[in-house]
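Each chain gets a letter, A, B, C, D, E and F, in the order it is written, and its residues are counted from 1.
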Amino acid sequence: MMSPQLSHIDEHGNARMVDVSAKPDTARTAVARGEIRMKPETLALIRAGQMKKGDVLTVAQIAGIQAAKRTSELIPLCHPLPVTKVDIAFEFEDALPGVIITATVKVTGKTGVEMEALTAVSVAALTIYDMAKAVEKTMHIENIRLIEKHGGVSGDVVNESLE
Amino acid sequence: MMSPQLSHIDEHGNARMVDVSAKPDTARTAVARGEIRMKPETLALIRAGQMKKGDVLTVAQIAGIQAAKRTSELIPLCHPLPVTKVDIAFEFEDALPGVIITATVKVTGKTGVEMEALTAVSVAALTIYDMAKAVEKTMHIENIRLIEKHGGVSGDVVNESLE
Amino acid sequence: MMSPQLSHIDEHGNARMVDVSAKPDTARTAVARGEIRMKPETLALIRAGQMKKGDVLTVAQIAGIQAAKRTSELIPLCHPLPVTKVDIAFEFEDALPGVIITATVKVTGKTGVEMEALTAVSVAALTIYDMAKAVEKTMHIENIRLIEKHGGVSGDVVNESLE
Amino acid sequence: MMSPQLSHIDEHGNARMVDVSAKPDTARTAVARGEIRMKPETLALIRAGQMKKGDVLTVAQIAGIQAAKRTSELIPLCHPLPVTKVDIAFEFEDALPGVIITATVKVTGKTGVEMEALTAVSVAALTIYDMAKAVEKTMHIENIRLIEKHGGVSGDVVNESLE
Amino acid sequence: MMSPQLSHIDEHGNARMVDVSAKPDTARTAVARGEIRMKPETLALIRAGQMKKGDVLTVAQIAGIQAAKRTSELIPLCHPLPVTKVDIAFEFEDALPGVIITATVKVTGKTGVEMEALTAVSVAALTIYDMAKAVEKTMHIENIRLIEKHGGVSGDVVNESLE
Amino acid sequence: MMSPQLSHIDEHGNARMVDVSAKPDTARTAVARGEIRMKPETLALIRAGQMKKGDVLTVAQIAGIQAAKRTSELIPLCHPLPVTKVDIAFEFEDALPGVIITATVKVTGKTGVEMEALTAVSVAALTIYDMAKAVEKTMHIENIRLIEKHGGVSGDVVNESLE
């Protein structure tokens, strides 16, 4: 029986880019989520802007979309993929308090878009941080994770149900 | 008395890049930290690789350093800065279980390197995720935050003592 | 009857990347054109260089080709596309006076290359501006527009006949 | 008496990057402007979105800011410059009809930011085009030009008064 | 009989991107090789690091992989290609003395990956140079060449047998 | 006595970006050189193009200049530097036969531009290869090396006299 292995490390312990040449092009989707926690008054300021013109979240959304498209430049062993959709949604959550970020990415390709979705969430969160850091230096980015993933030979993954 | 404001939103509610033209060039440092949590057996696999050749963490380190240098491309309202040092350190932590990532960034410039340090931690964590995702789909990236920051007119920030 | 809508704005008024996942890969072409107007003596200088070695226009051509390939990095809601041809042609036009720039881009993909052609023209024009700006500060970039576009379900567009 | 010359072409007719090594670092500003013309009904759609959440113009603004920061990657003979401010403003103009785009860029550096301002206007205009192209294929990008420029040894340029 | 021609120069002597639109997508592989020569003591230092943790070569490997993915940004007339595998291998060679670098790149696409393999070797060699330059300023990068190439209508090329 | 060490490897064998924060900004220059060897008939074709319009070498020159500006993106542990001049010169050399490429780079900064000059030569050579590869698959890129370097605390290096 083979023991589980890190796919990006070869038998000599060297890093490698997994060879996906022989894989078919199939439709793939991934959803990732994370959150940025902050003081209630910081959340109130972002929300107030949002009420008016929504700029903080629009800027974060654009940053997340652009980062998803450049994932293979950021994550060294990722394959370049011509993503066909990147969607980023935000929810204000008083219970954190903070903002929940959900990214959905699609592609027709030889490998999945899990890293693209996680990268989109991370960069959107960093962008919110950047725009609010003048009023609070203690924000935390938390709980960046895969929600679900479909397509490809390794089968579907559903870690959480999307409400 | 002025109320606190989001620095990247102007009086009309529009996003803006803060004008730092009149600021002096001063020495600045920022330290950020975060962690990636995983199952004990995933941590054991990364650690085993580390014992041999350290590739997972070296790849993550290079990804973090390169991302820090490109922060102003990723975060729309960040200023380009010629960083003079990016250091990324890792600790295995059985109590999580997972890996703790600490990034230290320096520059002599008109604005701070908080976002560069946070971006380095985020991309290093995403890179570890990428290399281990074949064995675990339930890793979480957690607790990305500013530890401390020095230099510049707004004064020093020390959120946590660096052990 | 549905009223016309901005495709990149969803029903809540948020920006979005159009989902092209379900579209077939088809052959697509787009031609865009624009011009840079200048004083006759500036045009004469560019033309004189052109007579000798053609550098101003070769540099502009390379800049336009490279920009076309990176359109999805520049225009936030554009999809990445593996362009298969970028052609940039120049004409000296004494009547402007100035240079007319025509870009033709092809791809086999799920979405068109209109933005790639327009981006190629824009960056080629900016590059001519850059190389001539030491002798004239009053050049104008004018009339950047789509000439024609073929392929895809929305049908062909022919705004002008290409002489 | 020397005749005027293209600064980016050397005495052999070859392209070159102007050597700015010996120039002092001075404060520099440039303002560029351009417009995108469209049908009244297209303008009305963008304006309607703007009334609600402003996304078309926020996306264009972010695209322009990011392009300004990457000007030296787009324009082959431009020097890399750590810009300290990029501001992009929009006006709806029924008389065109269309949108007027004004970009202001600042830096403390050895060379000016004229190309950064012109690039910001161009990419912001292309982004508006992209978001409105599903409803109109006949928009034109027009009249991209330098308004004024300050700082540096070659002296100030004021082509138009900024209203 | 047609005389041989530079494919990237058209009949007017202008640079052009070859039109590959009509070519089928086929499986393609290219292998390139090169070497970096240095003093025996420099090689010993790299080898000593390698014995411990392998960082010099891991960093060079990551740099080469990332450069291969961005070849179309670096080489102006290259087409963007979604590479499916990049493998970089190193051999210490006392007879040079130095390090031999071999890159293998695969894609399913309309054009070959010869330039991607050569770019990967070049950037990996430059990265080794960078990391060793504090101890030796006289290293030479040598003999970067195509070893073999398969797939595509122009047929296979085998310049050397891969031992 | 300290033994020589690889500057980019710390005492634990980990890769690192050298901290240049405390170094003064000084004027620095580096000159690198390399060559691409080919069959006499390939050289004749490039030369013939050169006689007419010079495109192969202009394209290679632009590619080399642009690569020099992006060196810190390509070489992981390089610092970003605002280069003030990049000059690339070519010589046809029948004795090789081939083309000799010389790059000169200048900056005022905290660290040298050796890697920028070497990267410019490498990418210019790869670009010539790309444009000539349809007529010859056996070109070799050879002898990429530092010629001289000035400025900075480590003192001048003159490996060869520049004829």
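We adopt the following convention: a residue touches a chain if its C-beta (ideal position, glycine included) is under 8 Å from a C-beta of that chain, and two chains touch if they have at least 3 such contacts.
These numbers come from a predicted model, not from an experiment.
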item: B-F compared against A-D, more contacting pairs; value: B-F
item: Distance from the mean Cα position of chain F to that of chain D, given in whole angstrom; value: 32
item: Between chain D and chain C, distance of the C-alpha-averaged centres to the nearest whole Å; value: 16
item: Junction residues of chain F - those touching two or more other chains; value: 13-15, 53-55, 58-59, 62-63, 66, 76-77, 82
item: Contact pairs between chains, per stated definition; value: A-B, A-C, A-D, A-E, B-D, B-E, B-F, C-D, C-E, C-F, D-F, E-F
item: Chain A residues touching chain E - in the complex, by the definition given at the top; value: 13-21, 23, 72-73, 76-77, 79-82, 109-110
item: Contact set on chain A toward chain D in their complex; value: 53-55, 58-59, 62-63, 66
item: Of chain A, residues touching chain B in the complex; value: 4-9, 12-15, 34, 41, 45-46, 49, 52-53, 55-56, 58-59, 62-63, 66-67, 74-78, 114-115, 118-119, 122-123, 125-127, 129-135, 137-146, 149, 157, 159
item: Of all residues in chain B, those that touch chain F in their complex; value: 27, 54, 58, 61-62, 65-66, 69-70, 82-87, 106-108
